[in-house]
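Each structure below is given as C-alpha cells.
Across the two complexes that follow, chain A remains constant while its partner is chain B and subsequently chain C.
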Partner chain A sequence: MAELKKFLIRRLLTFVPTLIGATFIVFIIAVMIPGNPAQLWAGGIKASKQTVELLIKEYHLNSPWYVQYYYFMKNILSGKAISPVTNTNIWKSITTRLLQVTLPLTLFSFILIVAIGIPLGVLSAIKRNTWIDNVARAFALIGISTPIFGIAYILIFWLQPHGLVALAGMPLPKYKITGIPPIDALLKCDCHYLLIFVKRMWLPAFLLALAGIGVITRVTRNSFLDAMSSEYVVFMEARGFPKRRIYMHILKNSLTPVITILGLMFGGLLAGAPIIETIFGLPGLGRYLLQAIYNFDYLTLVAGVFFVAIIYITVNLLVDILYGVIDPRVRY
Partner chain B sequence: MTELRCNDPIIEVHDLYVYFYTYAGVVRAIEGVSFCIERGETYCLVGETGCGKSVTSRALTKLILPPGRIEKGKVYYYPEPSRRIDILALSEEEVKKIRGNEITYIFQDPGTALDPLYTIGYQIAETMLVHGRIRRIKEGIPHAVELLRKTLIPDPERRVKAYPHELSGGMKQRAVIATALANNPKLVIADEPTTALDATVQAQIMELLRKLKKEEGLTILLITHNMGLVAEMCDRVAVMYAGTIVEEAPTEELFKNPLHPYTRLLLRAVPNPLRRMDKLESIPGTVPNLIYPPPGCRFHPRCPHAMDICREERPPEIWVNESHRVACHLYTGKASLPG
Partner chain C sequence: MPEYVYVKNPLDKLSDAIIDAYASFMDKVKPGWKSKNRGRIEEWKLMFYTLNRSPLGIAGAVLVAFFIFLAIFGPYLAPLSYRTGLVLCDLKARLAPPGTVITIPHKDYCIRMGVHPGKFKFLLGSDNYGRDLWSRILYGARTSLLVSILVVSIGSGIGIILGLISGYYGGIVDEVIMRITDMFLAFPGLILAMALSATLPYAIQGWFKRHMEIAEILGYLFAVKRIDYPALASLLSVIIALWAVWWPGYTRLVRGSALSVRENTYVEAAKALGVSDLSIMLKHILPNMIGPILAYITMDLGGAILTEAALSFLGLGAVPPLADWGRIIYDGSQYFPYAWWLVAFPTLFIFLTVFGFNLLGDALRDAFDPRTRRSIEFKVKKIVAKEEAQEA
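Presenting the complex of A and B:
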C-alpha cells in the first residue's frame, strides 16, 4: 500500500506538466495562425474599430504569447473566462456539455465495449475455429473497418420508422446530484428517465463503441487463447477443476492487455464524440468544440482540450492502478 | 493381451493406444502399453524425451486434451482391492471427481504449473474446494498452511499468502506437491518432478517425496529420464521407447540384468550407479518420427541385433521370470542374446 501511495504522488506530480503541455501545444498553434482574431470575433471587416480595440485589450492580444497563455490559464482556472464569440462563461458552457452529454455518451459506449467486446472475445476463443468464432471475427472486422457516419445513416434509416431511436431533444431530469443525468437517475432509481436516456443514446453510444468492440473482441480472443495454452491450465485440468472455474482463471490472466487498450480507447471515444454528436444532433462538448474551431474561438477550444486531457490522464491513472489489482507481479 | 502380474494393483493399464491428430499427420504416441502398479509401491516410467511417458501417465485419468485421443485400451483403477473402476468408461464429470482427488499429479515445471495471479494458499484451497472438501476458500487456508508445513516449506503461515513469483523454484515445487496432497490422494503421479530444478534442490524434493510416501501411505508413479533417480527411488521400472514399453523389471534386476537391446544401450549411455564405467556411449540413430513409426519393432532401425522378423512383426511381451518382462524377438523361444 505504501508503494501505491508513492506511485500516486509520483503520478500527481506528472499530472500538472502533462496538462500544461497538452493545453500549451493547442494554444501555441492557435496563436501562431496568422490572422486577426479580434477582427474576426468582432464580426469581420465591418466591425467597428472601437470593439476591436476593446477585444485586443480584454484578451491581451498584443502581448507576447506567454502572457496571453498566462492570462488565459488564470481566467480558465478561476472560472472567469468569457468566450469572445458566444459571450458565455467558458468553464460553465464546457462543463455542462461535458457532464450532460459527452461524458454519459462516452461512458455508455465504454460500458458497451466492455460488455460486448470481452464476452464476445472469450466466446470466440473458447469456440475457436467454429462458425461462432467466424461470426464473431467477421463482426469485429466490420466494426473496426466501417466508418461510423456510413453505418450510422443506414441504421437510422432502418430503425427510425420502427420507433427504436429518438433523434431529437436531450431531456434533463429535474433533480441534480452529480450533474451527470443518467447517474443521477440511477441514484434516484428514476427508471422513466433512464428509459428516455437509453432510447436517445443507445444508437450513438453503440456506433461510437463499434470500432472499440471490434478491437477488444480481437485482443481478448488472442490474449485468452495465449493464456489458454499455459501449463497452469493443464495443471488445473489435472486437479479436476470444472471448466467454468478454469475459464475464470484464464480470463483474469488475459485481462492485462485488454485493460491497456481499454484505457487508450477512452481517448479515442472522446475524439470520436464530435462526429457522433454532429450526426445525432446531441448538444455535447465535441460538437461545441467543432463550432469553436469554425468561429476561431481558440479560448473555448483550448479549455475543451484541457478538460479532455484531465479525463484522459485520470482514466490512464486508473488503468495503471488496475494493473496492480489484477497482477500481483506489477510493481508501482 | 499382455498378462499383468500384480498382487494388489491400484492401477492396471491394458493395451493402451493414444494418437494425436495434428496437421502434419496422426502421431501414434502410445501403442499397446500395458502395465500395473502395486498398491504402495513406487513405479517408474523411464525413457527419452518424447517416448510417451507423460502421455501414458496423463491417460490414466483421461487427461488427454485435443488433438489427442485415447484410441483403445482399458485403465482400471482400484480404490480398494475389491472395487474396480473402469476409468476410460467414465464420463468427463465422473473422472474429474477422481482426478486431483484420488489420483493427483505433480508437474515438471513448477514455474508454469501455478497460476501467477493467485496466492499459493488460494490455489491449494481451491483444489480442496472443487472436490467439496471445504465450502469456502477461507476455510482451506489453515489446511494449506498444514500442507505447506508437511512439504517442509519454512514459515508456512507467511508463504501461504505468497504469490508464485515470490518463491524459488524448489519452494514452488513444494507448493505444487502440497496441492497434489491436498485431498489425501491414493496415487500420486510425479511427472519429471525435478527436471526443471537445480541438482541440490532435486535431491531435497526426492527426499521429500520419499518421506511423504511413507507418512501418507502413497503409491507413486514416477516419470523420469534420470537413471540415477530410478535406482534411488523406484521399486519397479518400465522402460519406454517410442510409445511402447520395451522392458519391465524390479529396479535392481533391471540394472543387473538388462535384456532389451535398448535398455542395455540406455544403461551404457548414462552413469550406472551399480557399475564402474570408463566411458558413456550414445545410442546411434535418432528417435523415430511417430507419424511414420518403423514397422515391426519400433527400435529395429537402431538395434545392433535387428533380424528380419523385427522389421515385420511387433515383438510379443515375454515374461522371462516371475517379475521381468521384455518385448523383443531375441527372447522368443530358443534365441538367446548374442554378445
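Presenting the complex of A and C:
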C-alpha cells in the first residue's frame, strides 16, 4: 500500500502540469488567430467601437498572451467566465452538456465496447482458425475501417421507417440526483425514461463504439492467444480442470493490455463525439466545442479541452491503479 | 536422407524475381552486397511467402493497389474536372441519379467549360451543381492519398526520431520528451486537429501570397486548377493539424521498443567499439524494431484517410470547390434521403480503401513476426527424396 501511495503522489504531481500544458497548447493555437477577436465577437465590421473596447477591457486582449491566459484560467476555475459570443456562463453550459449528453453517450458506447468486444475476442481466440474466428476478425476490421459519418446516414435511412430510432430532442427526466440522466433513472428504477433514452441513444452509441469494438476484439484475441500458450494452461488441462475454469484463468491473465487500451480509448470516444452529435442532432459537448470553433470563441474551446483533459487523465490514473487489482505482480 | 524443397506458387516466383532483381541492382551499386546480405535476402523472400499465403493480405494489397492507381491516374481518367457544373447546360443535371444521360446543347457557356456537345452519362450520379460524382471521386482519391501519405510520413518521422532519442538516451531527455508527449496525449487529438484546422487557413493564405511556388507545387500534386489555389490553404492546414496530432503515438511506441532493444549485447558491443550514438540508433536499434512499426504505419495510412475525411465532414477540412471524399458526404448529406448516391458512393470508397490498408497492415504484421514466418516456412517446404530435390 505504501507503494501505491508513493505512486499516487508522483502521478498527482504530474497531473497539474499536464493539465496546464494541454490547455496551454490549445490557448496558443487560439491566440494565433490573426485579426481582432474582439471585433469578431462584437459582431464583425459593423460593431460599435464602444462594445469592442469594452470586450478588449473585459478579456484583457491588449495584454500579452500569458496575462490573458492567467486571467482566463482564473475566471474558469472560479466558475465566473462568460463566453463573449453566446454570453452564457462557460462553466455552466459545458458541465450541463457534458453531464446530460456527452457523458451518457460515451458511457453507453463504452459499455457496448466492453460487452461486445471482449466476448467476441475471447470467442475468436477459443475457436481459432474456424469460420467463427474469421467472421469475428472480419467484423473487427470492418468496424475499424468504416467511416461512421457516412454509414450513419445509411443506417438512419434504413431504420427510421421501422420506428427503431428516435432522432429528435433529448429527453430529460424531471428529477435530478447525480445530474447524469440514465444513472438517475437507474437509481429511481424509471424504466419508462430508460426506454426512451435507449431508443434515442442506441444507434449513436453503437456507431461511436464501432471502431472501439474492432480494436478491443483484436487486442483481446491476441492477448488471449498469448496467455493460452502458457504452461499453467497445459498443467490445468492435464490435471482435468473443466474448460470454463481454465478460460477464466486465461481471461484474467490476458486483460492487462485490454484495460490499457480501454483507458486510452475513453478520450478517443469523447473526441469522436462531435461527429456523432452533429449527425444525430444531440446537444452535447462535442457539438458545442465545434460551434465554438466556428465562432472563434476560443475561451469556450480552451475550457472544453480543460474538462476533457481532466476526465481523460483521471480515467488513465484509475486504469493504472486497476492494474494492481487485476495483476498482483504489478509494482507501481 | 530426406531434403527440403520450397513449393512455390506463381506469386512466390514473382516476389522472388522482384527481390532477386533488387539484390542484383544493389550488387551493381555496391559490389559484394549480395554475398554479404544473403541471410537478409532469404528472410525477405520468406516474408513474401508469408504474405502470399494470406488471402486477406492479398485482398488488401489488391485494394490498396487499386486505390493508388485511382489516386495517380484518376485526375487524367476523369471525364470532367472536379469543378465543372453542368447544371446551367441542362437542368436535368442537378442531382441526377446514377446512370442518367443528359444532352449537352451547343452553347458557348458549355464549350467554355470544356464540355463537348453531345450526350454525357453520369456514371455515379451528380450533385446539386451538376458536377459528375465519379469525376469528383477520382479527384478525391488523389486528395486522400496525398494527405494521408504526407501526414503519416512526417508525423511518424517526427515520432520515431523523438522516440528513438528518448528511449536511447533515457534520463532527463527521456523525462522531458515523454512529459511533452503526455501533454499532447492528455486530450483527444481530434479536438486539437479541429482547432488547428479552423485557425490555420488564414495564416497559410497569407503565406501562399508571399510564396507562390509552394501553392504551385501543392496545386500540381493535388491536381487543382490555378483558380482554386487559395482553397489549398485548407488542405495544407489539415495536414499541419494532423502532424501535430500524429507524432505522440509513434513516440510512445518507438520509445517502448527502443528501451528493450537498447539492452541487447550487440548495442553494448557497438558502444564499446566507439560507434557514434547516431549510427547506433539508425543502424542497430531502428532496423531491429522496424517491422511492427511498418505494419502500424500501413494501418495508420488508412486511419489518416478516415481522420481527414472526418475533419472534412465537420466542415473543417477541404473547402467547397475541392474534391474530397469527406466533403462530398458533408455536402451530399443535405439532400440525403433523395440523393443517396452522394453519401453511399464516397462512403463505399472510403471504406474499401481503409479496409484495404487495414487488411494489408494486418498481414504485414504477421509477415514481420518471426514466429509466424517460421511456422509458414514449414508449410512452404516439403520433404522430398534426395533425387527429386536435386532435380528441383
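The working rule: the second predicted complex is superposed on the first by the 332 of 332 C-alpha atoms of A that agree within 3 Å, B and C clash if a C-alpha of one lies under 4 Å from a C-alpha of the other, contacts with A are read in each partner's own complex, and residues count from 1 in each chain.
Note that in this section contacts are C-beta pairs under 8 Å (C-beta built on N, C-alpha and C of every residue); 3 or more make two chains touch, one makes a residue touch a chain.
What you see is a predicted model; the values in this text were computed from it and never measured.
Participant: Quick one: on chain A, after the overlay, do chain B and chain C clash, or do they fit? Just give me the call.
Facilitator: fit
Participant: Let me test your reading of the model: by the given contact rule, A:Gly304 touches which partner, first (chain B), second (chain C), both or neither?
Facilitator: second
Participant: Check the residue A:Ile94 against both partner chains and state whether it touches chain B (first), chain C (second), both, or neither.
Facilitator: After superposition on chain A, A:Ile94 lies in contact with neither partner.
Participant: Regarding the shared-chain residue A:Ala30, is it in contact with chain B (first), chain C (second), both, or neither?
Facilitator: A:Ala30 sits against chain C, while chain B stays out of touch.
Participant: With the two complexes superposed on chain A, say which partner A:Ile118 touches: chain B (first), chain C (second), both, or neither.
Facilitator: Once the two structures are laid over each other on A, A:Ile118 reaches no partner at all.
Participant: Name the chain, either chain B or chain C, that contacts more residues of chain A.
Facilitator: Counting residues of chain A touched by each partner, the higher count goes to C.
Participant: Quick check on the superposed pair: does A:Gly267 touch chain B, chain C, both, or neither? Answer first, second, both or neither.
Facilitator: After superposition on chain A, A:Gly267 lies in contact with chain C alone.
Participant: State whether A:Val234 touches chain B only (first), chain C only (second), both chains, or neither.
Facilitator: Touch status of A:Val234: first partner only.
Participant: Which partner chains sit in contact with A:Pro147 here, chain B, chain C, both or neither? Use first/second/both/neither.
Facilitator: In the superposition, A:Pro147 touches chain C alone.
Participant: If you stack the two complexes on chain A, which partner ends up touching A:Thr18: first (chain B), second (chain C), both, or neither?
Facilitator: Only chain C is touched by A:Thr18; chain B is not.
Participant: Contact-wise, after the overlay, does A:Leu290 reach chain B, chain C, both or neither (first, second, both, neither)?
Facilitator: second
Participant: By how many Å are the closest C-alpha atoms of chain B and chain C apart after the superposition?
Facilitator: For chain B and chain C in the superposition, the minimum C-alpha gap reads 5 Å.
Participant: Please output the residues of chain A touching chain B within their complex, sorted ascending.
Facilitator: Going by the criterion above, the answer is residues 230-232, 234-242, 245, 249, 252-253, 326-329.
Participant: Name, in rising order, each residue of chain A that touches chain C in their complex.
Facilitator: 14, 17-19, 21-22, 24-26, 29-30, 32-35, 141-142, 144-147, 149-151, 153-154, 157, 267-268, 270-272, 274-275, 278-279, 289-290, 293-294, 298, 301, 304-305, 308-309, 312-313
Participant: Show me the residue ranges of chain B that touch chain A in the complex, using the header's touch definition.
Facilitator: Checking each residue of chain B against chain A gives 58, 61, 63, 65, 96-101, 104-105, 107, 109, 112-118, 126-127, 130-131, 163, 165, 176, 179.
Participant: What part of chain C is in contact with chain A in the complex they form?
Facilitator: Residues of chain C touching chain A: 179-180, 182-184, 186-192, 194-196, 198-200, 202-203, 206, 302, 306, 309-310, 313-316, 326, 329-330, 333, 336-337, 340, 343-344, 346-347, 350-351, 354-355, 357-359, 362.
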